[in-house]
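Encoded as structure tokens, here's the structure I'll be asking about.
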């Protein structure tokens, strides 16, 4: 139901861009799990604006307050409520949008849906909503770590520059964070930086692809029909602001291949049945097969740009809009921890469901 | 919860490939809606195998029996249960698979998940599961028709052949059905037919992309956060067997563009705010903007092929598998009505939720 | 969502009193559980009309057909769909009700809700809807049996006759079934039989209370807040047609006591913490404490009676209604297996949820 | 799912008795509804301890902070998050319970369920959890008021003293609040006060019944099968701490009557079909019939008492427990606004579901 995601491990986010606070309630977490609060803060900092010249300089000093559900560093099995207070009220910056829906933003559709819109900023469509997801995802990751599961996302493409030969088995968040654009290949990272610098100079924005690898995932996670783990990942990723596409394993490129090329042949490795290739992206029939889960999410260019856009206001009059200040030239960069968080939430939900069957 | 999809308009499917029956329960349908049962049968026939030389010749004479919820051709507002009895028990054909998981099939992962598998065929992973979806989707379509909404899906790519210049405003199911490969462009349909003939001759299979257009969708459908209408469509499409990717509007190609290219500028048409382009695919911030909803789903090549595949059995021994009989060379063709059905289910669910707010 | 009950073990029932069939889909059952189909039929027979002179003689030859989810007597972990075809179409008997809502029936409220009503009988409000519950409950019982849990319900009161000194530890379904009114005390059973004979002679009906005992329930089942196991049982019981009240343990009588009387003091028995009394009915803070779960459900007298009732039709005109044929003089008798089934469904759902936490 | 209640109007509560805060997220509220925040505070004050000598003197200065979802006094249609910070940390008072589960409290069962318990107080089983319910319920009431619906609960019985001849049509919260024990009859209120004074002098506690009347409820609310409005009310009421029983309309007493006595005959009043009596409590077949909804909830005596109780600790050793300080001698008094809140939540949820069908 919209603001809640998950069946067993359930995340409910709340908060508008300029309400008193934003955050999440996490329900269904296992009890007795050690939670390191500083890891929540660390991941929140990775999605924070103003990290470097490639992200919006908006000052969001996001500090998470745990209201319930964790005591002495351990989960109680009760709802974990976490809030981040909003400090950066700049309602006036948005005044001009009140009668002009921003192109490819949610202003127009929110008004059509609710008949009322938050007076400033994107309301629930703001990227600040993702704070709640990162809170929940980082808690999920700490549960998953007790099962050995690890998740790393990175920018694999910006505009026409597509990073190649990334070794999914050796990448880590440290390597990813060593790049200002979150691309683990030094060569492509440099090219991407230049592309973004050019985009910033043009007062424009640019699209990108975020890839994600989930390692050490047990077999048997996911469900046969509507809640295939890749279907849940698809929903999770498309629910991130600015996401426009999702693919698992060989994805769209599989549509250009023959079965004899795309099929993943089984082989025995150390007494365990594995696949020789991983075009399935770790998922067969919606259920994990023990290989890495690998997927891509496409992000469109940030809708807010500094370039003048000639559009229409609600009265139908022609209006020229120019985004003030600096904005994220490439939203995908800050989306990296959000992708990781949503992946963690999906995988934990599937793992807990499976725990009923085989006492994982 | 896996076998159930939807929040208000809820579809639960049941049935293994070789159980006594397969079907669906549809809950949450509006009362007093006229249902033409022959339309259900018609759409079931479109997904049926054996339609022409480009689909599997397996004889599935699927006849839908309405057990409840419809009386004198009208919905009662109560659960609509529909069953199709399974006649085509060919358990013996599958005997050889019992110790060898088929590559890129769900045999291995079902066994890992449940510790037990249906003795023959794909169980729930069988394409027969989609019968329940088509039943529910065709009922949903008849409700949507009372709101003027119309949905058409078609094959837009097979292998490397990508149909261009399809006019989304004039295509219809009749035009789509005039092509043996469900491609509304005569020119590309012919090329695709040749490609499939070649694939059949090779005892191979081939991937494809199904595109879908939903017309006359009101503004305001979909939800701001996790249940964005495009996120729900993504889940719905990835839940279809063999689907590997989803994109809305400009999708993956938007990741290669700049904001100034991808943004959809507003214009006033006949007193209504519309967009000059539709890179958003009819959805902004997860909510419909009144333009056509347009999306693509990528399908991998059918996993079962006649070509010999050298794989491993559960004991780790090397085994050569050759699919017997003829199989769908391109599963996407029969997936066309399934895509339409899942789209109808998602849109109706969002419409009913929105009906609470603005009495649509 | 109304026609579906449960979070993990989910029961969806379908069917009107005079549709082609009634039944249930059971989703979320553990795989690899042996199911004895004859036990489903046996429990269906216990709720069947016409068992003896104290129940309606309507001939319902209910035979369950398993459509999916069970193979070779074992659950597959997939949806179990079961249908009972309706044979007893007596639409004409109900013709006179078309313009006159029956007092204390659901005719009037269904019409107000849906604007359309099934043309005959009670539609979904018919007792035939409970067939689906018994199917699901009997499957649940077979899963619970693998955990040692046993459930027995019985009639403890009819009209003013209240059975006393029933030993909850020794009663069994065999003892209950030895009474024509399902009361395990021979003395009270005889008194109740006489009371019902009198009621039948008066062409009237009579209310009753069904008690239920659930034995060998593990500790820890149920949830702290809204899904307390007693809250779920309350919903489950009040959802049975004609149920008007629910109480757990000392229930309404606890409202007349002092804390020092009602509190259940802890004692150690064989190294396990138990309570000296069981006013809690096996549930503290919504969670099972290892004692027997004990609860009562109050049933009103059957609404349909042979006695003339002066009421109004939809036009507001005065009408005299007399129920034709014989009806259940006391619906509670046939409700006994339904109470057991709903209890089994609730307990299994709570048990599966708890299985995630402690690998029960 | 436990900490969340409702299908459309969804309430999720969070917070332990001694965590940083307690509160609720309300999702699914209609947009554009005017919310008077002071009414939330007013109802919170009615459930607050320390109101008078008949409630616990614990100082809970509960002040609600709205974090999101309401702007300029109007709902946005987005999640409404509200928090009340916990100020009254008295962890030391509970130290002695760490090794001794309090009789008829949830200490033992929480430990069995989660393997970990909040270090002090009742955790989620604390009455403080009901703060979130009152927040949500008071918002729901303000939505219901726009439909003319009004809800009043009151204490109708304490111990053996049962108030008679309460006129449900004239009672109001003002009249209820004029009684220190929330009983609208001066005569019985005086008797109840004396009973409680005696109970306090004994260092004991006493049970009670809370009755509730919901007026001007439209016809058609509630659902035919598992989500009958009385079934949902039963779940809602049994989920309140210390509740042990629920009955709708003539409830348990209907089990002692004949059909001819209990049936509600239809009559025409001012062109509208009404019932001459209201033994149905406003609900037929689970759906409202336009009469007042009338129900009772039984509360056991407060488990914590000052009287010495000889019980066992986790080691099985005999321990004498004496509750320190003063406690609520009769929890039902403070439960009155909680009953109203849960009723409002249930009715609004049913109303929003029905709004899809008939644009209420």
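Every chain is named by a letter (A, B, C and D) in the order it is written, and numbering of its residues begins at 1.
In this section, a residue touches a chain if its C-beta (ideal position, glycine included) is under 8 Å from a C-beta of that chain, and two chains touch if they have at least 3 such contacts.
Source: prediction; values computed, not measured.
Peer 1: Between C-D and A-C, which chain pair shares more contacting C-beta pairs?
Peer 2: Pair with more contacting C-beta pairs, C-D versus A-C: C-D.
Peer 1: Report, in whole Å, the distance between the mean C-alpha point of chain A and the mean C-alpha point of chain C.
Peer 2: Chain centres of chain A and chain C, defined by C-alpha means, are spaced 46 Å apart.
Peer 1: Using the average of all C-alpha atoms in each chain as its centre, how far is it in Å between chain B and chain C?
Peer 2: Chain B and chain C have C-alpha centres separated by 39 Å.
Peer 1: Approximately how many whole Å separate the CA-defined centres of chain C and chain D?
Peer 2: The answer is 26 Å.
Peer 1: Mind pulling the residue numbers of chain A that touch at least two other chains?
Peer 2: 1-4, 13, 31, 77-78, 113-115, 123-124, 224, 357
Peer 1: Edges wherever two chains touch, nodes for the chains themselves; is that graph a line, a ring, a star, complete, or other here?
Peer 2: complete
Peer 1: What residues on chain C touch chain B, complex-wise?
Peer 2: The touching residues are 1-4, 10, 12-16, 19-23, 25, 27-28, 31-32, 65-69, 71-72, 74-81, 83, 113-119, 123-124.
Peer 1: Enumerate the contact residues on chain C facing chain D in the complex.
Peer 2: Where chain C meets chain D, its residues are 1-5, 7, 13, 101, 103-106, 108-110, 112-115, 122-125, 129, 157, 159-160, 199, 202, 204-209, 219-228, 230-239, 241, 244-252, 254-268, 271, 273, 275, 279-281, 283-290, 298-305, 307, 309-314, 316, 332, 354, 357-358.
Peer 1: Please give the residue numbers of chain B that touch chain D in the complex, ascending.
Peer 2: Within the complex, chain B touches chain D at residues 8, 30-31, 77-78, 224, 352-353, 355-357, 359.
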